[in-house]
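Read through the structures below before going on.
In what follows, chain A forms one complex with chain B and a second complex with chain C.
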Partner chain A sequence: MENSLSVILGGWLSAGITIFLFSFLYKDNPLFKIAEHLYLGVGMGWWFIVLLYGTWIPKAYEPFMQGEYLLIIPVLLGISLVTQFIPRISWVSRYGFTFIMGYGAGLVLPLNLATDFMAQIGGTIKPFAAIASMSAGEFINYFLIAAGAVCVLTYFYFSVEHKGFIKKASNIGIYFLMIYFGASFGNTVMARFSLLYGRFDMLYDFSGARYAFATPVIILLTVCFFVYRHIADKKKAGITKTAKAE
Partner chain B sequence: MKDRLRRFLNIDRRWLFLLLSVVMIWPIIHPSGIAGRTTQQSVKDFYDFIENLKENDFVILGVDYDPSIKPELQPQAVAALRHLFRRNVRVCILTFISGAPGLIEEIKQTVPQEAGKEYGKDYVVMAYNPNYMAAMTQMSIDFYKAYEKDAEGNTVKGMPVMKGINTYRDMAGVVEITGTGMLDAWVAYVGDKYNVPIIGGTTAISQLGYGPYLQNRQLLGLLGGMRGGSEYETLTGRKDKATSGIDALNLSHMLVIILILTSNIILLVLKEKN
Partner chain C sequence: MLIIKKYIPLAIVMIVGLLTLATYYVPAKASQAYLSTLNQWEVIVSGFAFLLGLISLLMTHYKKIVRHEDGWGYSIFVFLGFLAVVIPGIISHGAQADNGTLTSLGWSFRYLYNPLASTMFAVLAFYIVSTAFRSFRIKSAQAFVLFIAAFILILGNVPAGQMLWDTLLGWTGCCSISDIIQWIMQVPSVAAKRGIMIGITIGAVVTSLKIIFGIERQYMGRD
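For the complex of A and B:
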């Protein structure tokens, strides 16, 4: 019984907040505001609890209590970041940031240079080593990739004036960029529709008897709310008009 | 005629929202089954990678997304886990995203039971770890320094699922499902550095950015968005949420194309008349 009640309550809450947020598509309204503020509050609460029980207690408090006293160093460095909010001692935060910068740069720079820079240059050139055994399709494919990379780089190369051959190459680069942006935008539309589908699918699930018909009831109540507001607004406008006329 | 066309162009956009909603809800109520073909090589590669794993291999499954992109990525994660279990591979689920533990719990409640898998013996779920860089680096030296306890607070070392696992060298690969830059991190900090095979699943928006990694074989397979998920479900022979979602995507894309074409034709007609 308890389980089914919590399932129903969860369904009503989930469907309700989704419908309230969607109601903004009609127009801004108090239901949307309620859902928006709830979202922000719950998000912050969730974040705090996860960090407290997922990081602070198991990674700092418990080991420290078990005698790992050296942990005080990273903990203090971490806490030093919070001093940013107190202008008088905000300089303390530099110690924490220095550590983060040094550690981050040392780890990230060499690896990212190897993965995103050197490996990509190699990947663009290497296929041409086997040019004799390439099929026509493969050659066109690799040629397009190499030519596209060079032309796009030329477009972003501002140390020489873009005229003559450089201008032609950079113009071709623009076409490559446009194709990428077009494909990227198409994929973005697809991704957004996928998310919309996800919410509709969930609303459909919550419309059944298992969730006490949460979706249709909440939609009906929301529509009633909008009709009521519409009538009330009209009445209010009528009263103001009459008062002004008088 | 001219006025009618103009009125169509100035239609209240809320009617279009309503039309789009109807077009999207219709296939949820009446699935048409238009989807069904796998056309992307990266999806086939993703499938082949898991298909070629040996029994009892050990794989990390990264579930790094929060509820905001669940519709795109949860079907991928579910399908990948089902496939891994079907190959009798040991799975270690972990996350670096604070919003993911709830979604992992959802998966944990259904998929292992279906496959008859036992927690601690066939799979394990690690606790959320906020520092992915430290964890990825530590796992290369000693896995248990990064993950001493699982999500339920049990000691990980000694679990049957972890038998013989100490570093990346003992693992067959990483399957990373994410809507963040975590896949880039796995490729840069683990795949390239320690020669660990990486395959991934990502949102449709991020999919294009991984082209260079795929071309270079730094990434051995990729699922992109709901379409990638649906094609993968087709390959695994178990159609689920991604496949039913593709029906709705097909129809809504058709609606968008029709609206774009119609409004452009109307604009051309009006221009000619002027």
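For the complex of A and C:
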């Protein structure tokens, strides 16, 4: 599959959709909309293939053909979900949904309690068991974590009115939350920018002779398209103005 | 009819929920077998849930094309994109590479899905920054703390920021910007994250119990 033609075609396609998507930074336009809709279809197609060859065939069809006839139950429950599209029998979909909800609720309850509740409380308290061998810096850090977690929980505790000591604690909690949100924001921005560098790097690669100069040619064509559209829009606006004046 | 439409589904949620819950606290062979079977079943049923979304999306765009609604031409690209992955996927039996050579599905992934997905997220970088710039105003001490945390994280993760820090504050010999980032991530962030996680868990536990005992039943739709 990886012959030079497929590489050139792939490079052009890849560079084209990347530039079309970036064109939205200038303004909303048909090229962006084409790439956006293409993404919708491609994404759905990709997950369809992943499910087909990762779940339905190896986990349902093949075991069923080998004699695991009980697998007809989840398949029927799954098919029941699709009855949502037939209003008269849409209630059948409840069977599939109740199975998913029941299993999910039963699984989440103990796991969340163990990992996100008990383990977090344990992680906050446990370090103080070694308080004697702790340096001053470590003690301050562990104290800040414990006090911060309590203050944040106080901020989310609405069963009592936030005044006096509770108000002070919840206000400190807000500061911890702000640091966390700020740090998360910074990390998200950096993650997105590293993707951006990756795209620019790819566009640079596709500008070479190996890809028949895909990037510069597509950028040029896109700019020509925008100029043409701008002129056409201006002409259209002029005609409408004249018609209105008449 | 009420039994079939309402009570049996509610019984399913309760029985499946309680049995799954029990398996965590009863580490017997039978409960492990039950859990692994139900895990397999859940994966299959959830796979069909994806079909719901897929059919809904394709039907919406099909109707748009048939009725020639505004922007119907773009809807054709949804189908084109879908087929551009599904047909190669079926031809190459879901494999991206065969003996080290890219299959047609691998080609679609490399030159179609990957650039589309990563560019979509890359474009968000501009919007995150421009929205933050337009809407964020340092009007309070809390907003200032948020800004400082974000600024340090962004500055410290780029070489220019590290160089700037070292040039301006390196002489103090106090700590590098990486140390400060590490401290932010390991101390105040952990405290806030723990508080949030504990809060979410309490909410999730209550909601799970309400689902299992049939108090919360919005997911069942209307009668």
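In the analysis below, the second predicted complex is superposed on the first by the 235 of 246 C-alpha atoms of A that agree within 3 Å, B and C clash if a C-alpha of one lies under 4 Å from a C-alpha of the other, contacts with A are read in each partner's own complex, and residues count from 1 in each chain.
Simple rule for what comes next: contacts are C-beta pairs under 8 Å (C-beta built on N, C-alpha and C of every residue); 3 or more make two chains touch, one makes a residue touch a chain.
Bear in mind that the values here come from a model prediction, so they are computed numbers and not experimental data.
Asks: First (chain B), second (chain C), both or neither: which does A:Thr55 touch?
Replies: Both partners, chain B and chain C.
Asks: Based on the superposed arrangement, let me know which partner A:Ile8 touches: chain B (first), chain C (second), both, or neither?
Replies: neither
Asks: In the superposed arrangement, which partner chain does A:Tyr26 touch: chain B (first), chain C (second), both, or neither?
Replies: Touch status of A:Tyr26: first partner only.
Asks: More residues of chain A are touched by which chain, chain B or chain C?
Replies: Counting residues of chain A touched by each partner, the higher count goes to C.
Asks: Between chain B (first) and chain C (second), which, if any, makes contact with A:Leu107: first, second, both or neither?
Replies: both
Asks: For A:Val189, decide between first (touching chain B), second (touching chain C), both and neither.
Replies: In the superposition, A:Val189 contacts both chain B and chain C.
Asks: Tell me the contact category for A:Cys151 with respect to chain B and chain C: first, second, both or neither.
Replies: The second partner, chain C, only.
Asks: Would you check which partner chain A:Thr18 touches, where first means chain B only, second means chain C only, and both and neither mean what they say?
Replies: second
Asks: I'd like to know which partner A:Tyr204 touches here: chain B for first, chain C for second, both or neither.
Replies: First partner only, chain B.
Asks: Name the contact category of A:Ala212: first (chain B only), second (chain C only), both, or neither.
Replies: A:Ala212 contacts neither chain B nor chain C.
Asks: Do any residues of chain A touch both chain B and chain C, and if so, which are they?
Replies: Residues 25, 46-47, 50-51, 54-55, 104, 107-108, 111-112, 116, 120, 123, 145, 180, 183-184, 187-190, 193, 195-196, 198-199, which sit in both footprints.
Asks: Flag every residue of chain A that touches chain C in the complex, lowest number first.
Replies: 1-2, 6, 9-11, 13-14, 17-18, 21-22, 24-25, 30, 33-57, 59-60, 70-71, 73-75, 77-79, 81-82, 84-85, 90-91, 93-113, 116-117, 120-121, 123-124, 141, 144-153, 155-156, 173-190, 192-193, 195-196, 198-199, 202
Asks: Okay, in this complex, where on chain A does chain B touch?
Replies: Against chain B, the touching part of chain A is residues 25-26, 46-47, 50-51, 54-55, 58, 104, 107-108, 111-112, 114-116, 119-120, 122-123, 145, 180, 183-184, 187-191, 193-201, 204.
Asks: Touching chain A in the complex: which residues of chain C?
Replies: For this pair, the touching residues of chain C are 5, 8-10, 12-21, 24-25, 37-38, 40-59, 71, 74-75, 77-86, 89-90, 93-95, 101-126, 128-129, 132, 141-143, 145-154, 157-158, 183-202, 204-205, 207-209, 211-212, 219-221.
Asks: Across the complex, what residues on chain B touch chain A?
Replies: 14, 17, 20-21, 24-25, 28-29, 68-72, 98-99, 101, 127-130, 133, 137, 149, 184, 187-189, 192-193, 203-205, 207-208, 212, 215-216, 218, 224-227, 241, 244-245, 248-249, 252-253, 256
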